[in-house]
C-alpha cells in the first residue's frame, strides 16, 4: 500500500488524450521520479493530484482517502504540497512573509479569523520560516520584495514555502530547472537531507538526469499520457523504450 | 402581438445604443486593458459634435433693431441665418440634415480626440493599476463634461432628425401585420441600421486585418510584442482613436432620440460597463449580444403586464440580469479566461 | 430642544450683527437642474442688489408693502453665501448645514426639486432658521411635510390640476381617456394624484397610470403601450430632463398625429419649465400645461422684474428665478415689518399675510400651511415663437379662488406645522 | 587570477566588431544590476554567457534587446554598424535582434499559429511557418491550440520558432534548454548548430555550461553584473580554476 | 519624520489620535471648522478606512459599498423613529444590518473575481438604490429620504411635542456645540464630531491591527496570488468574505453615524456615484496605505463643501486689490474653477494627483519626503505597509 495510489486516470483536452489510463503507486518515504518527454502529461498528472484538474475517469488515493473532487486547499491541508513548474509566489510580499504564510496555513488550518493577533508577535512562526530560508540559502535576502528576485531564487523560495508546511507528500515540478549547477547540487543535498530528517515522500518531475539519478528511489516514465515503464533507477537507463522515447541516442551522462 | 413586436423593436433600438457604446468600451477595456471611465464622455462629445455642427451651420448674423425693443427694454436683435442667405436651398437642406451630415465632422474630430487622449494621457497608464486608471479617466470625464457645461449650459439641446426621417414607418406591413399595428419612428429605424453597419465594419476590420490580433497580443504582453518588432504603441493609439470614433458616432446619431446635455455620458457609463462585463471581458461579439439582450429585456420588463406582477422590475432588470448571468456564466456571455479577472 | 449653538447667548440661531445679515442661497449647480439653479442664483443676486438699494429696485417699487427702503434689512447690509444642492437631499442638507454653521446664514432659500425642499425645510426647522422654498411643486412640501419654519411661494400639483382642468375641458371636451406616465418618485406621484383627480372630476377616464424610472432617458418602451391602448390623451407627469425626453419621444412616436376614439390624440404636460422646454424644441408647440409665472405677463410687478433682470443679464427670467426673487423680498419684508430677525417673529409676520405687486396678483401666505394662494397660469407651447425665450403663451389665468383648498384636504393631510423654532 | 589581468579594460574599441556592447550600465528602478559590461562578437560567432543565479545574465540580454526594464543608463550597443542603443524595443527587433526570453513569454489568448504569425507582421520576415513546423513537428500538430496551454517544452520550441520566423542577425537565447527533455535538448542543439551554420550571431545563456561551451566559440562569465572572464570557450573548458569558482563544474 | 518614529505603530496611533482630536483647530482657519463638515471628515474617514480593508488588502474592488452605508443610515433612522433617540441602539442596528447585508451580497459576489466581482457589487447596489428610490418608499420614504416626524412612536422616549427631537447620547445632544476663541479664531467644538471622532480612532486602530495581523497578511496574499494561496492550504473565500463583511460593517457604522449627526437617510447615499466616491477617496489618498483613505476622504469632502461656496462675488473679493482690468480677468478665470465649476477642479485634482503622485497622496508625500530626507528615512516609511512592521528589534 503506497501513500499515493493512482488508478486508471484519464484526462482529455478536446481531441488530445493527455493522460491515458495512468497507474502509479508511490511508496511512503521514498523519492519517486516521473520523467518523460515534453508534453507527455507529467504536469497534467500532478494537476490531478492537487485539485487543479479533475480527471475524467480514475481514482487518486492519498493515505487511503480519495483526492478527486476536493478543493486545492483541502488537499493541501491533508499534507500535499506542490512546487510549480513556473514559480508561483506572492510577488508583492517580502521573502520572509512568503514563507510565513504557508507556516500559518499549516498551523491554523484553512481559515482562521484573527484580526487582532500581530504577525510580529508570532516568533515561532518567524523562526520556523527563517530556518526554511536558511535551508535554501535565502535567509540574507528575507526582507527583499519577492518580485525583485532572479528566477533561480524564486524557485528556491517556492521550495522553502512548501517545506514550511511540513508536508507528507511534496510534489516538485522541475525544481532545479534554471538553477546554476552549484545550486542544483545544493538542492539535491537539501532534498536528501530533508528526506532523511523527516518522514516525507517526494514526487519529482525533472529533466535533469543528474538530479533524477541522484535522488530517485523509483522512476516512472511517461510518454504520450501513458506510463511506459516503472522501475528502479538502475534499470531505467538501459531500457530501450526509455532511450527511444526520452533520453535519445547521444545522452551520455 | 403588435405590442410585443413594438417592444422588440424598442429593445433593438436601445440595444443598438448599448451595443455601440459597449463596443467602443470593450475595445479599450477588454482589449487594451484600460478601465476607461471617460468612455461615456466620448459618447457625449460625439453628441456635442452634432450640436456644434448644427450651431455652426445655423449661425446667424445679429443686428440690433433701431425701433423695436425687448420686454426688458434693450434693443431687439434681428437674426439672419448666414448659410441660407449664402446657399439658399442647399443651406436649408444642410440645416435639415445637420445630424447625419455631422458624422463627417465627427469622424475626424472624435478620432483626433481619441488619439490625443491616448498619446497625452492613457498610454502612461497601461501598466498602472486599474484603480489609478479609474481615477484618472474619471477625472478626465468630469473635466470634459464641465467644459461642455461651460459652453453649452446644463439644459438639453434638441437636435431634430431630418424632416423626411422624422415620421413613422409602418413596420408591421413588412411582417404581415395589418396597417397601423406596428408603426415605428423612421429615425429609430435608421439608428438601428446605422448601428448594424458600424458594428459590422468594426468586426470586419478586426477580423480581416492582423490589427486585431496584434492588439490582443499587445494587451496580453506588450513587451513581447515589442520584442517581435511591432510598434505596439502606434497600434494602441489607433485602437483608441477607433474606439473614440465609434462612441462618438453612436452619440451623434442618438441626438434626435435623446436631446443631449453635458451629463449624457455619465448616464450611459454604468450601463455600458455592465453591458461589457455581461458580454464577457475581451469579447466583442459578447458586448454586442449583451447590449441587445439587455435592451430587449429592459423593454419587456417595462410592459404594464410585467410591471403589475413585479412592481419596479423595469428599474432593476438590467442589474438583475447582470447578476444572474454572471453567477451562471463565470465570464459573462462570451468572456475569455484571464482577462481582468485579477 | 435642539441647540446648534449653546454658547451663543442669543435668543435665536445666527442672530446678525449690527452691520450685515447673511442669507444662504442653496441652488443646484451641478446635475440636470444646473441651469435652473444658475437662473435662481441670478435672481437672488438681483434681489440682494435691490434690497441693498442698488440697481433699479425691481419689484420693490411695485410691491404692495412699502416697508423695505433699499437700505438692507433692518438697516443691515444683505450679504449672501451660495451652495450646491446637487439636487440630492443629502448634499442639499450638507450644504445648508454649512451655511448655517459656518457662514451664519439666518435664512436658507432655493432648490429645484421637492425632495430637496422637504429635506432642507426639515433641517431648517431643526436648526432654527427660516426656509423660503424655491421651486418645489409637490403637495407634500406644504402638505404632509410642512414645517413651521418653512414657506412656499410656488404653486403646487393640486393647483395645477385645478387650474388645468377647466381649460382641458374647454379644449378637449369632457369625454377623454387619459394615460399617465409618471416619474417614479414623490413629486410625480402627487402630481399624478392631483391631475387624475381633477380630470376625473371632468368626467375623463384614467386608463392607465405607469411609473417610469427617474432619468430613464429613452422612454420608448413606455410610450409604445400607449399606441396599443384606447387612450386619447397622454399626461406626462415628468419634469426637467425627463419631460424633455418623454415629450420628444412621444411626438416621435407619432402620438400627436394620431386619431384615437375619433378624437385627435393630445399630450398634456401639467408642469412646464420654460428653461427646460427649450430642450424639447418644436415638440412643445400647442401643448397645454401650467406654470407659476411667465415673463410675458403684463402686470406692473412682472414687467418691473423682467426689466431689471433682462437689463442685468440680457434675457428674461424663468419662473424659478421669479419665485426665488419674490421669496427673498418677502422674507426681507417680513423681517422689516416684524422689526426682528427672530424666526418666530418672521413666521408671525408672514402667516396670513396678503400682498400684491409681485407678478401673481393678490396673494395670500396662508398661516395654516405656509402655502401661497394666487392665480395660476395655464400656458400652451407657442406656435410661432418670435425668439428663443418665447416658447409659451399664457392662455388662461385661473383665479386663486378656484385653486384654493382646505388645509386638511386629503392630498395634504397628515402634516403638522409644529411650532416655530428659533434655535438657541 | 592571471585570467583577470587579461580582461580587456572597458575601453572603447576603435573598430566595433559585428556585434559589440561597450560599457553598458543598467538599473531596475534604483537597483544597479548591469555594472559596466562590454562584449565583442564576430559575425556568425556563438557567445556563451555564463554565471550564477542573479549574476545579471538575463538583465544583460534584456538590455541588449532594448526591453523596457532594466533601464540602460550608459553604454553603447552596436550591431552591424547600427546603433542599437538609440532604438526602442521594436526598432531593435527590426534591426535584427531576437530574444528568446527565459520564461518564454508565449502570448496568452493566441494560438500557436497566431503566435508565429505575430512574429511575421513586422519586417523582415524569416523562416516560413512550414519550415518551422518541419523543425518542430509537435508545434505543427498543435497549431490551433492556445499557446499557453502547451507543455513547458513545447512552449520553448514555440519561443525559438518565433525567433526564427523573423529574419535575424543576432539571436539572444536565455536558457533555451531549461525544462526540456534530453531528446529535445539534443534536437535544439542540432537546431542551434544549423542556426550557426546559417551564420546567425548568437548569445546563449545557459546553466548547462558544458553543453553551452561545446557549442560556443567564446565564453563570458558574469558575476554581480560585471564581466569576470572573457575568452574562447575552449580556454574556459581547459581552465579548471575558473570553472570551479564560477560554474561548479 | 518630524522627529517622530512613525515606524512604531504606537507612535502612528498617537499622532493620528492627536490629529483627529485637534482637527477643529486646524480646520477653522481654512473655513472647514464647522460641525457638519468636520463630522463628514471623520465619518467618511471611517467609510474609507473600512473600504480600504477590502480593497487595499485583497484588491477586490467593490463598486457597491455605498449600499451598506445607505442601509446603515436607514437602520439608524428607523431606530430613532421606533425606539429611542439614543445613538447607541441606532448604531448597533446599523452595524448589524449592514453586516448582514454585506454577508449576503459578499457571499454571492465573491464567487467571481476581478471586474466581474466589481460589476456584481455594482448591480446589487444599484438595485438597492432604485428600489429604495421608488418601490420601497414605505420603508425609505423615497426621494425625500427617511426622516423623523412628530408622530413617530419612539417607545423608549417621552413623546415629543411641537418640535422634533435630535439624536443624543444619554441626554447629550449630538448637535450641541461650544465655540471657543483660540488665537482670535472661533473654534467650534461639537459633541457629534467628537463622538464620531472616537469611532474613527477606534476604527483606525482596528484597521491597523488587521493590517498587522496574520489575517491581514493572508488578505494581502489574496491580492498578489490567490492561486498560490489555495495550493498553500488556505481557503480564500472565508478570508475575502470576512474582509467584505468587516468593511461592510464599517460602512454601516459610517451610515449610522451620518444619521446620528443629521437624522435623515436619503436614497442617493446608495447610488453608484456614492460608491464611486469612496473608491476615489481611497485611491486619491493611497489604496493599501493606512492613512491614505482618511486623507482622501478629507480632500474630497472639503472640495465638495467649500469650493462650491466661492461664487463670483466671493472671488471678486479676493482680487479687489488688483487693478480693475486685471481683477476682472483673474476673477473670471478663477471663478471657472470654483462655485458652480467646483466639479472641474475636482476632476483636475483627480488627474493631477494620479499623474504626478502615483499611489495617491500618501505615497506621493513619502516620495517627496524621500527626496528631501535621508534615504534611511524613506526606507522606514516604505515599511509602514508591511505586516512585520512595528518593533524592528523584534523582527531580528
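Quick notes
As written, the chain order gives the labels A, B, C, D and E, with residue 1 at the start of each chain.
Please note the rule applied: contacts are C-beta pairs under 8 Å (C-beta built on N, C-alpha and C of every residue); 3 or more make two chains touch, one makes a residue touch a chain.
None of these values were measured; they are calculated from a predicted model.
Note on connectivity: the fewest chain-to-chain touch steps from chain A to chain C number 2. Counted as hops between touching chains, the shortest connection from chain A to chain D is 1.
Taking the CA centroid of chain D as reference, the farthest chain centroid is that of C. Set side by side, B-D and C-E show the greater C-beta contact count at C-E.
Rounded to whole angstrom, the centroid-to-centroid distance between chain B and chain E, based on C-alpha atoms, equals 34 Å.
Averaged C-alpha coordinates give centres for chain A and chain B that are 52 Å from one another. Chain A and chain E have Cα centroids separated by 46 Å.
Between chain B and chain C, the centres computed from C-alpha atoms are 35 Å apart. Multi-chain contact residues of chain A, defined as those touching 2 or more other chains: none present. Shown for chain B are the residues in touch with two or more other chains, namely 312, 315. Contact between chains, per the stated criterion, is found for A-D, A-E, B-C, B-D, B-E, C-E.
Chain contact summary for the complex, chain E toward chain A: residues 206, 209-210, 212-218, 220-221, 223-225, 227-236, 238-239, 242, 246, 386-391, 394-395. Those residues of chain B that touch chain D in the complex are listed here as 210, 213-214, 216-217, 220-221, 223-232, 282, 336, 338-339. Within the complex, the chain D residues that touch chain A are 28, 31, 51-54, 58, 102-103, 138, 145, 149-154, 156-157, 175, 178-186, 207-209, 247-249.
In the complex of the two chains, the chain C residues touching chain E come out as 1-8, 29-30, 34, 37-38, 41, 45, 81-84, 88-91, 93-95, 97-98, 101-103, 113-115, 118-119, 122-123, 125-126, 140, 145, 184-187, 211, 213-214, 416, 418-419, 421.
On the side of chain D, the complex with chain B involves touching residues 65, 67-68, 88-90, 93-94, 98-99, 101, 105, 107-110, 114, 117-119, 121-123, 162, 166.
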